[in-house]
Structures are given as C-alpha cells and as structure tokens.
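In the two complexes that follow, chain A is the common piece, with chain B as its partner first and chain C second.
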Partner chain A sequence: MKPNADEILVRFNGVNKSYDGSNLVVSDLNLEVRRGEFLSLLGASGSGKTTTLMMLAGFERPSSGAIELGGKPLDNVPPWQRDIGIVFQSYALFPHMTVADNIAFPLKQRRRSAAEIDERVKAMLALVKLEGMADRLPAQLSGGQQQRVALARALVFDPALVLMDEPLGALDKRLREHMQLELKRIHERLGVTIVYVTHDQGEALVMSDRVAVFAGGRIRQLASPTELYERPADALVADFVGENNRLEGKVTKIAEGHCQVTLGNGLVVTAMAPQPLDPGQSVVLALRPERVVVGAVESAENHQTAIVASVVYLGDHARLELAVGGLTLVAKVPNDARYRAPQAGERVTIAWRSEDCRAFAGNDRN
Partner chain B sequence: MKSDRSVTMTERVFDLGAKLIAVLVAIFLVTPILVIFPLSFTSDSLMIFPLPGVSMRWYVDFFTNPVWLTALRNSLMLAVVTMVVATVLGTLAALGLVRLSRGWRSVVSTLLLSPLIVPVIIIGVGTFFYFARLGLAGSFFGLVLAHTVLALPLVVIAVTATLEGFDPNLVRAAYASGASPFPAFWHVTRPLIMPGIATGATFAFITSFDEIVCVIFLGGPEFRTLPRQIWSGAKETVTPTIAVAAVLLVVASVVMTLVVEALRKRAQRLSKGAAT
Partner chain C sequence: MEIGGPELTRALRASRRRQQVGALTLVAPALIFLIAVFAIPLALFTFRSVDNAETWSVLPLTRSALSNWDGKDLPPETVYAALATDVQAIERSAAATLGRRLNYSEPGMRSLIISLHGLKLDPARPVAAQMIAANVRWGEHRIWQVIDSESGRLTPYYALRALDLQLADGRIVASSSEDSATFRSIFARTFWISGIVTLLCLIIGFPVAYVLATAKGWFGRILFISILLPFWTSVLVRSMSWILLLQQNGILNRFLIDIGLINAPLTLIYNRTGVYIAMVHVLLPLFVLPLYGVMLKVDRALLRAAASLGARPLAVFRHAYLPQVIPGVMAGLVLVFVTAIGFYITPVLVGGGGDQMISYFVAFYTNASVNWGLAAALGTLLLLATLLCLGVFRWAFGSATMVTGR
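Now for the complex of A and B:
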C-alpha cells in the first residue's frame, strides 16, 4: 500500500553530506517519514545515521539535495524555527534550571501565557511519571529520571516531529528495556512522529513501525521489524539484525526463486534466492540459529549430520555450536517440556527449510 | 637496618628543606605588602619603624583630602568602565574563539593574548604616539581603550576556561526548544559561564585599578589615579597617607580575589552535581 502524499511528514530528496569535500558520510539519501510513525535509523557508528538526524534537526547542512518537513523545504530554516523536539543522548538538561523550568523552557520561548505553561508542565510531568519532582535540579535526579525530563522538554510544545539520538544509551539494561516500553506507550498515546537513532538492533525492533538500516552512508533496507528480520534485503542486514549463520558457497543450480548452493566444504544445500543470481556466482547464505532444527526429523529440504561442539545453557533456550563437515553452525533450541537439549560431543541430525535460508550475492562483504 | 634509616633521614631532610623554601618564598613575596599595613596606622608624620604610636589620622586625611578623593574617584571610574568594556569584548571573543577550527584558534588566541607578553611600557609608548595622532591621548576614553587592551586577555582566558567544560549540546537543546541564538546565550550559556565571566571581570578591574604606566603616558597632567598619586606622593611629599592608599589598593584586590574564589567553588559544586 502506497502512502498518500499528505501522509508524508519528512522527505529527503537525494541528500548528500560530506565534511571534507571528498568522503560522503551520507550519499544519495532518499527517505520518507510518514506522519505518526516511529521510524528508527539503525546502523553502526559512522554509518551516517546520526548525520542524517543532525541534518533534519538543522545542526548540519546537506552538501546537496533537499529536505522537506510538512511539504516545505527546510534549506533556510534555522533549528530554532523548525518546531522539532530533540532528545539528546547526553540529555542536555539545563543544569541551573529546575525540572519544571527545563520543561517550561520551550513554552517560554514561544511566549505562552503563564497559566498555559503551568498546565502543560503539569501534564508533561504526569505523562513521564515525574509528579513531585518539579522543583528538583537535574543533578538531583537519577539517569532514568533525567531522561524523562529530556523527553518531556522535547514533547511539551506539541512538535509534529521528535528526534531522538540514542536516548537510552547511557542507561543500564533493565532500565533501558523499561524505557523502551515507556517510549512506545508515549508514542501511541500522543501520536507524534518519532525518528529514533540507535545502534541497538533489539531496541529498533521493539519500538519501531519501520526501521532504516544504514551502512556506509546509505540505507540498505527500509522495512518493518518483521520484514527486516524475516526477509533481509542483503547479507549485511541479515548480519546486523538479529543473530545469523553466515555460510559461503557457489551457486550450482537455479530454479524459480530457489537455488542450490555448494558450500566451501562440499556440502550441497538449497536456499531462497530473493535477488537474481547466476550459476557459478559466489553467494553468502544467511540462516537464523532458531531455524536450525536439531534432533527431530522433519520434512525439511536440508538435512545434515553434525557433532555438537558446545552447549551454552541460557535458561529459556540453549545455544549450540555444531560442527558440520568443517563448518560451524549456531543453533538455538528451546528449553521446553517436550524437548531435551543434546550434550556436547553427541552426534545429531540437523535440518532446516530452504525458506529459512536465504542466498545473497557474495560480493558485498562489508 | 642502618641503610633503611638513612633513607628515611634523607627523605626527611628533603621534605623539611622543601617546606622551609616554600615558607621563605611566601615571606619574600608577602612582607613588602604587609610592611605597609602598620605604617598606615602610625601616629607620626614619618614612615619609620618602630611606630611611635597608633592612630587613624592618616585615614582621616585620606578621606578628607580632595586630592586623594579625586584620585580614588578617577581610579574607580576608570576601573569600572574598563571592566565593563573588557568583559563584554572578552566574553564575545572567547565565545567566537571556541567556534574556530584548531589552526585559526591558535593564531587568533595568540593575537588576543599578546598584550600579556608585550612589555607594558611598549604598549604605553605605542598607544601614546598612535592616540596622539587620533586626538585620543590625554582623554579618559583613550585611557579606557589602553586599559581594555591590557585587561582583555585575562577575560578571554577566564571565559575560555569555563567554555571548555561546557556541553555544546546545551545550546543545541536551547535551539531545539525554539530559542534563537541570543535568547539561547542569555538563558543557557550566560548563567553557566557566569563564574568565568565574573573571574575575568574581577581581573579586568584589578588590572586597571592599579595600572600606572599607561596612566602616565595617556592620562594627561590633570588625570590622577590612586597609583599615580601614590607615585607622585612618594616622590614629593612623603606622608603616611600614601601607605593608606596602598592598603586600600591591596584590600580591594584581596577582597575581589576572595569573591572570585567563592564564586568558582560554587560553580564547581553545581557542575559536579550535574555530572552524576
């Protein structure tokens, strides 16, 4: 389903950015952000995701190309006139102002009435669950609480768009997971459009409506979390999102969407071929560890015999390293009532369906 | 055992020696300043030890003598105006300086700080001939300009130091909140770098308050400041009133330095708290 033009809030048109005039940090970026969606920009450091966010915020200028917000070009609009809320990784709370003054700051800049400011600040404190903290200074708050104040300050003036630059990066794991759900709740409640930068794929999958995977200044895939995980567009996306077994080989046969691949150790497997491939071409196979079935015989196209090299017990599942004719495969097996995880050294049968194994042209190892 | 002991002995001697030297240096530095204090309370009209008696008569003389009062007023006026001009310009310069690229930054800051290195007498002579041509020699305004040149580097150093620990994302957060550059500076940057500005302003004030070389070159014969009056007093009519004037200069400097130190400590507490 193609979104209507009026549903598009932000549009990047062929945007390039270079700091030194020769190396492109962002190259030929075309991206549309839909009104009301939670879009994550996911990538390693140096992939161009933060630069993209900074251009949208107005702190960096594109070297060429155009960015539109609500159908209007942003070229000559300074950051303070863009009406975009921003949550920084370092929170960037004003240390000399109380929590209430921090949240009130954007409204004061907009010369709202004292009564309105008072009411909005109260509503925001309730939204981020910080009632009773209004008169504290940022230094008197925990990291998680400071994060909530930063969020409230970015939301208080009802911006059409809120940008977040790794806002949960400084929090510990448990708090981070809690805040992810909080952010999702706030997004659903307010219906605000959020563009969220992160290098944490798990975080991107949990919160986003869509995820743009960045690498080398380009978007490698823009899709829903399910799509991204189930049908990665290339080997890099498969590696970056979730855990992945990476097998290298050569195409020996092709038949309507499927192909037969001979691996380096001589094993022959069948796989899905989402991209057009030629016989003889080097390919990379991507296979999710949880799709490798261990011990049970199923009607799967790929059967192999393997030796269990190691077993790591992880509570709800066990992680196996399997030696298959000189290759190592990782498999995750569930820890449930009907199933016994094999022991290290055991010889087992493993199987996977060809739909769960995807072949990609092997020249883009980066 | 024996060698062990001799090591500790050597250490002790060195430790004691270092302390002794530190105390001697402190005495060397402070005595000339402290000597003037008892002399200002002498009851005699000669500045000699031992004091024949203690009295406040020279303080009364200072605060009733129109020559000294005019000098005090001139000094204060000159120092306050210099402080305002140097603080505003120096703060702006520091704000601009931290935005420059590394190369340009070192060039411009060397230029800005050069008055600290150039001998004051050179600045005095140079500005005298230059200002004479412009008709500024002998004017209050010309003197303010010359003192600003001397005070500006101190403001730049003090403000740059506080700006270095300043999170640039705070300004971006202010922009994102809808504040354009001036309100962002006024509500966010200024309050946070205030300790640096105050330190710079104090040093600017003190620099101008006790400066004499430029005053002699540019001040004109009628314009007398405290240092100049002390100087001519010491040459012509030596009375303990000049000791009183000197004490006032010292006390003003000490008080202002203490105020700055207190401000700095308070700011440190604030930023330490923010870091956790």
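Now for the complex of A and C:
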C-alpha cells in the first residue's frame, strides 16, 4: 500500500498547554503531519517539542485546542487505545522480560495468536538485525542493541504513527550516525509515519522530510531541511540550524527584496530581505561561514578587507576567524586543489553574495 | 610475569595491609561494643540451652561411680554412697537447685534430693539400704537412669523440651511433662499471628505506600508524617493507647454504640483481634517505608511505554509497575514478619492468655519460673527460625535486595 503523500494523518488545531495555569509551554500550535512522512520537532530544551509529543501520545492533555489522528479527535482516547508506537529516550525496555518478550508485549496486549506473535517477533528481530538475541535480557545488551529492541517493540504492532523522543541521545557519535541512517532505511522500507523529537539539528537535517523548529512553545519554521538551511525564516532559525555569523546593523536603503545595511562599525553591506523592512530599522544579518569566500569574486556584491586572526585546520576544511573593522567573521574554506588557506596575520580580501546574507528584524532575539 | 619484582609486590602488600588496619581502627569501637554487649551474651545464653552445670558440677563422685554401672539392674552400693556424699557435701540451696533440675526430667526428684540432703546416715551400715528405707523410690530403676542421663556436661533436655520432646531410654519421644505448655503449638501460633499481621500490613500498606510515593505538596507531607509519627512513638505507649481505644467501655465501642451501629460493645481487646490491630499498627511503618523508597524510584517511562504499547491500566500495573516494586514488597514483608515473631510487649498488653507468643514464654521462664535453660532453648529456636526466614529470602532474592530494597 503506497501511502497518499498529501493525506493528513495528525492535525494540531490551536493547541495550548500550560502546566501551572499561567505560562504556556506550547502556545497556539497548528501542525499537520502527512501520512508516511518523517517529521522532526527540533528545538532546545524547554521549547515545547517534548510536550507536543506527549500530548500526541496521550500522556499530557492540551489545555485548549484539539488534536486529531486519522481525522478522529483524540481528546478522550486513552494512550493504550491510540495505537501509537513510542521510542523513549531511556528505551524503557521491561528489564525482567527477554528481548522477544519485550517485542511481543504489544501483540500480547492485543491478544494476537501465539503463531502470529512468533512470526511477527521474528520478522522484527530481522528488521532491526538482532536475530539470535531473542532470549537475552535488556541488561545484557549494548546501548545500541537496546535502542533497536525499543524500535522493534514500537513497530511490531503496525502502528499508523511512531513517536521518537530523542532516541539516539544516549549513544556515542559514531553509533548515532549509523542509527540515523538505519532509522531512515526502516522508515523508507515500512512507510510508517514518524514524528521525531531532537535537539540535534544535524540529526534533524539528515533524517527528516520536514523539520518543525520550536522555540518558546511556538513553531518558528516548518520546512524541508534544504529550505530550513538555505532560507531560514528568522534569525533564530538561522542560528539554530547550522553555524551562522550574526551581524547587527541598521537598514539604510531598500530595493526589490534587497537592502543596504550599515553595521555597527560603519561598514556597509547589501543583503536579502525575506521580510518587509523599513529604512532605519535595526536588523540582524545571518551569513553562513561557508559562504564567506577568501579572495575576490566577480559575482559577489560584498567585498571587505580583513585580517586573518586565527586558522584552525580541520582536515577537509579550515576554519578562519577574520577581523573586519572591529567585527569578527567566521569563514570555512575548503581544503582542495584550487585553494590555498591563508596564514594567520595575513591581510586578505573576503567576499560574499548578497543572496547568501539574509536580514531579519533585529528586535527578534529570543 | 612479575612486573617490578618482589620489592614492588611487597610494597603493594604493605600498603594494602595499612589500609586494612586503618579500616579496622575505624570500626573497632562498634566492633568491641557489639562483641561485648551482643555477641558474648548471646553465645552464653545460647550455651545455657545445653548447659548442665547444675548437676554436672555438684555430682563429681556420682558421675565416676555411675561410669561403672551397666544400667541393667539397680546400681551398686558405691553409686548410692557417692550420691549421698555428693548431695550432703553441698549447701541446701544447691541441693534444691539440683532437685529442681532433676525434677524437670522426673517428677518427685526434687523432694527425693532435698530429703537425701538432710538424711542422717549410719556409716556402719550400707547406704543403699538406708536410702531405700527412707524413701522407696530410691529403689526404682528409673530414678537412677535419670540421674545417669542428666549428670553429663551437656544435656539435650532443654532443646527437646522446647519442641515438646524428651529422652526416654535413649530414644526421643513425646514429652510427658506435667507442665502443660505445648511449645510446638505456641511456635505455630507465633508464626500464624506473624503471618496474619504481615498479610494485613501488605493489604493496608501497599496502597498507602503508593499514595505516599505519588502524592505531592502538603497532602503528601501530612500523609508521610501521619505514617511516620507512630514510628517515632514507643511501642509501649502505642500499645497502651490501644487499650484506651479498644476496651469494653473504650472510645471506639462508645462511638459505634452512639452512632447506632452496634448495640452491645464488641470485645476488641484481650483477644486475638486486639493483638492483630495493635501489631499491625506498630509494624505498618516497617512495611511502608522500604516500599515507599522503592516506589519513589519507579521508572515512569516504563509505565508510559506499557500504556503506549496497548496495556490497559491493570496490565500496566501488572507488567510494568509490580515487577519494579516487588523487591520493596519482599523487603517489607520480611522485615515485618521477622520483627513480628519476636513480639513481646504488644501481645502481653492487648492479648489474652491464648494469644501470647513465644517471647512471652522466654520471658516467663527467665523471670517467673527461673528455668533459664528452657528460656535459652526457646530463644535459640526463635533465633534459628528468624535466620531461616532471612536465609530463604536471601536465597530467593539475593543479599543486596534485603538491604537496599532494590
């Protein structure tokens, strides 16, 4: 069954959540999850992403607003009737049950036949590559293996929706990267809808079809990874997703989606203006380090003279700190055949295109 | 391969020894205290349950004379003479003690020994004939058998007596003592009362511990203090208060009559009901506190996981909650049961004659009847039963569980 890509599986309608009655942890949340997609909720701790997940799972009730799953309201559906698989950060495996019993648990709760349970558990063990581990106890497994068991247990009963709450947080970097690809493989193979909570922007970019960036209980931007990185909606998203140079200044001229900004040190640069801006307004400029080029570039609107303050060699690229008239800019220069990384103390020309530099209203600092 | 050679090995060993000496110095006061006031008295008292000093030390001549007796007929003249010499060589009070001790095994021995102590004997005539003339029982074979079997250094008498057994003609048989206290049924009663109390603590204490572990704010604090408060009050005070509450004309009965629930007062005290009520009250904190500690550490994620996987609340409880708190339940049960089988004051104060537990009889034989050997044997049996309970628990759940409840 090929899921219809445009079908909406989950819908949050004006959902608010407050624990103490005055502070909103989640405010006016409107979010649609499409059937079959991998959607990440990305944000720092306290941004409301986990609360959103817990409301969807049924462990928290919205203070107001409604959540629908498959077109039906979830208001009075208890967690055990929602048919949503969850992978917890701590894995939450039952310590007294074997791997096979853990995976069989949701099927036993649904009173499936022994033969079906046996067959499904075997298939799941194969899917997560844990054949031969069926009779082990969770304590006898490594973190990565426990993670796979938790995944198998959340998938075995064919839930329409699987929620994951920072499931890779406890793994080391190499294993985490491996599991990211593994999760992506399983997602593509099963076509299941996944809502994935993480604070790791790299993880969100690698796996997701779409990413919702949370801050202060609101979604700041909901877009594909490319869109998010290339065209962040505001300075906060730009800061949160990928590395960013943040320059503050005032708008001096506006023309056709572009603007001229005078920085604090008097330098004048041109930038894209995705939001409507007024002359004289304070703005924040966001400029990716890899878009700062050392040397003159014909097509670039912005050229500055800079002193190389420091060079950090990182193998495939070098990271430069550049002093530009009292400001510090970070640039990443590739380590390739055409390119020679400058030395510290050298005076260089740097350049960037105005479409790589985006201006956002500057009062927006949270 | 030895890295660093023998010097290094020696240095490491010396350093480890210094550490051990240091640790020993730190625990020395506690160790000395425990040995002096606990281990040594306990060992001495336990030894009393097999000690036979009362007869052994006062009958040296009789013992050596009896060693030549074949045990078939009446003993020869030398044995009669030796016993008379032994008994008449000691103080009258010592003779009374000897008589009382032998009387445990054979009724009538006490008066026999005391009269022998005062008997004027003619050294010219055979002692045996004079003794039998004074009391015909000296001519009974059984009397000499008792003296023979009870003159050794150690005696199995008390240990057997504590189990309602005795030694007769070298065989272990049911006791025929005039003392009607049957200890086996008292032990059974002790375990039965302790078992019921433990069960009641489980039924009452489990929900209380659960609420304590989940309650927040002022409600949780008040509940916690109300559970702990009896724990800080002396057992004596608590048991006495139950008398005021439960007696015929007590607060509870008057209240029940006033609200019209009953017509005549209920007998709630000086019977088994009173013992159960007071013991459960005294022991409840012992069950609730370890369980509360375990329940606080319950991993809520496991409960959520179970619910998300389709388990209804009852199944969540059974599969995700109970397995996590079972060690705490077991720790509480063992703590309550082991404490209950040693209970003394509460049954004495609020129980009737048929509700007294084994500790009461230990106290009775220590203070009232001054049969320390039997008291020691009963106490030792109680100690062994307690150790057995702990052993079974340790075997079933591992030693760490008992201490930490984990």
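Keep in mind that, in the parts below, the second predicted complex is superposed on the first by the 358 of 366 C-alpha atoms of A that agree within 3 Å, B and C clash if a C-alpha of one lies under 4 Å from a C-alpha of the other, contacts with A are read in each partner's own complex, and residues count from 1 in each chain.
The rule we apply is simple: a contact is a pair of C-beta atoms (placed from the backbone, for glycine too) under 8 Å apart; a residue touches a chain by one contact, two chains touch by 3 or more.
Just so we're clear, the structure is a prediction, and the values are computed from it rather than from any experiment.
Enquirer: Quick check on the chain A-based superposition: chain B and chain C, clash or fit?
Expert: Chain B/chain C on chain A - steric clash.
Enquirer: Of the two partner chains, chain B (first) and chain C (second), which one does A:Leu39 touch, if any: first, second, both, or neither?
Expert: It touches nothing on chain B or chain C.
Enquirer: In the superposed arrangement, does A:Pro106 touch chain B (first), chain C (second), both or neither?
Expert: Both partners, chain B and chain C.
Enquirer: Quick one: classify A:Leu53 as touching chain B (first), chain C (second), both or neither.
Expert: After superposing on A, A:Leu53 lies clear of both chain B and chain C.
Enquirer: If we overlay the two complexes on their shared chain A, which of chain B and chain C does A:Ile86 touch? Say first, second, both or neither.
Expert: It touches chain B and chain C both.
Enquirer: Can A:Ala139 be said to touch chain B (first), chain C (second), both, or neither?
Expert: A:Ala139: touches chain B, not chain C.
Enquirer: Between the stretches 8-16, 26-34 or 62-70, which region of chain C is in steric conflict with chain B after the superposition?
Expert: So the stretch of chain C colliding with chain B after superposition is 26-34.
Enquirer: Residues on chain A in contact with chain B in one complex and with chain C in the other?
Expert: Dual-contact residues (chain A): 57-59, 78-81, 83-86, 88, 90, 92-96, 105-106, 109-110, 153-154, 157.
Enquirer: Mind listing the chain C positions that touch chain A in their complex?
Expert: Residues in contact with chain A: 299, 301-302, 304-313, 315-316, 319-320, 323.
Enquirer: Taking the complex as given, what residues does chain B use to touch chain A?
Expert: Interface residues on chain B, with respect to chain A: 167, 169-170, 172-181, 183-184, 187-188, 191-192, 270-271, 273-276.
Enquirer: Could you pull out which chain A residues touch chain C in their complex?
Expert: Against chain C, chain A makes touches at 57-59, 78-86, 88-90, 92-96, 105-106, 109-110, 153-154, 157.
Enquirer: Within their complex, state which residues of chain A touch chain B.
Expert: For chain A paired with chain B, touching residues are 57-59, 78-81, 83-86, 88, 90, 92-96, 105-106, 109-110, 137-140, 153-154, 157.
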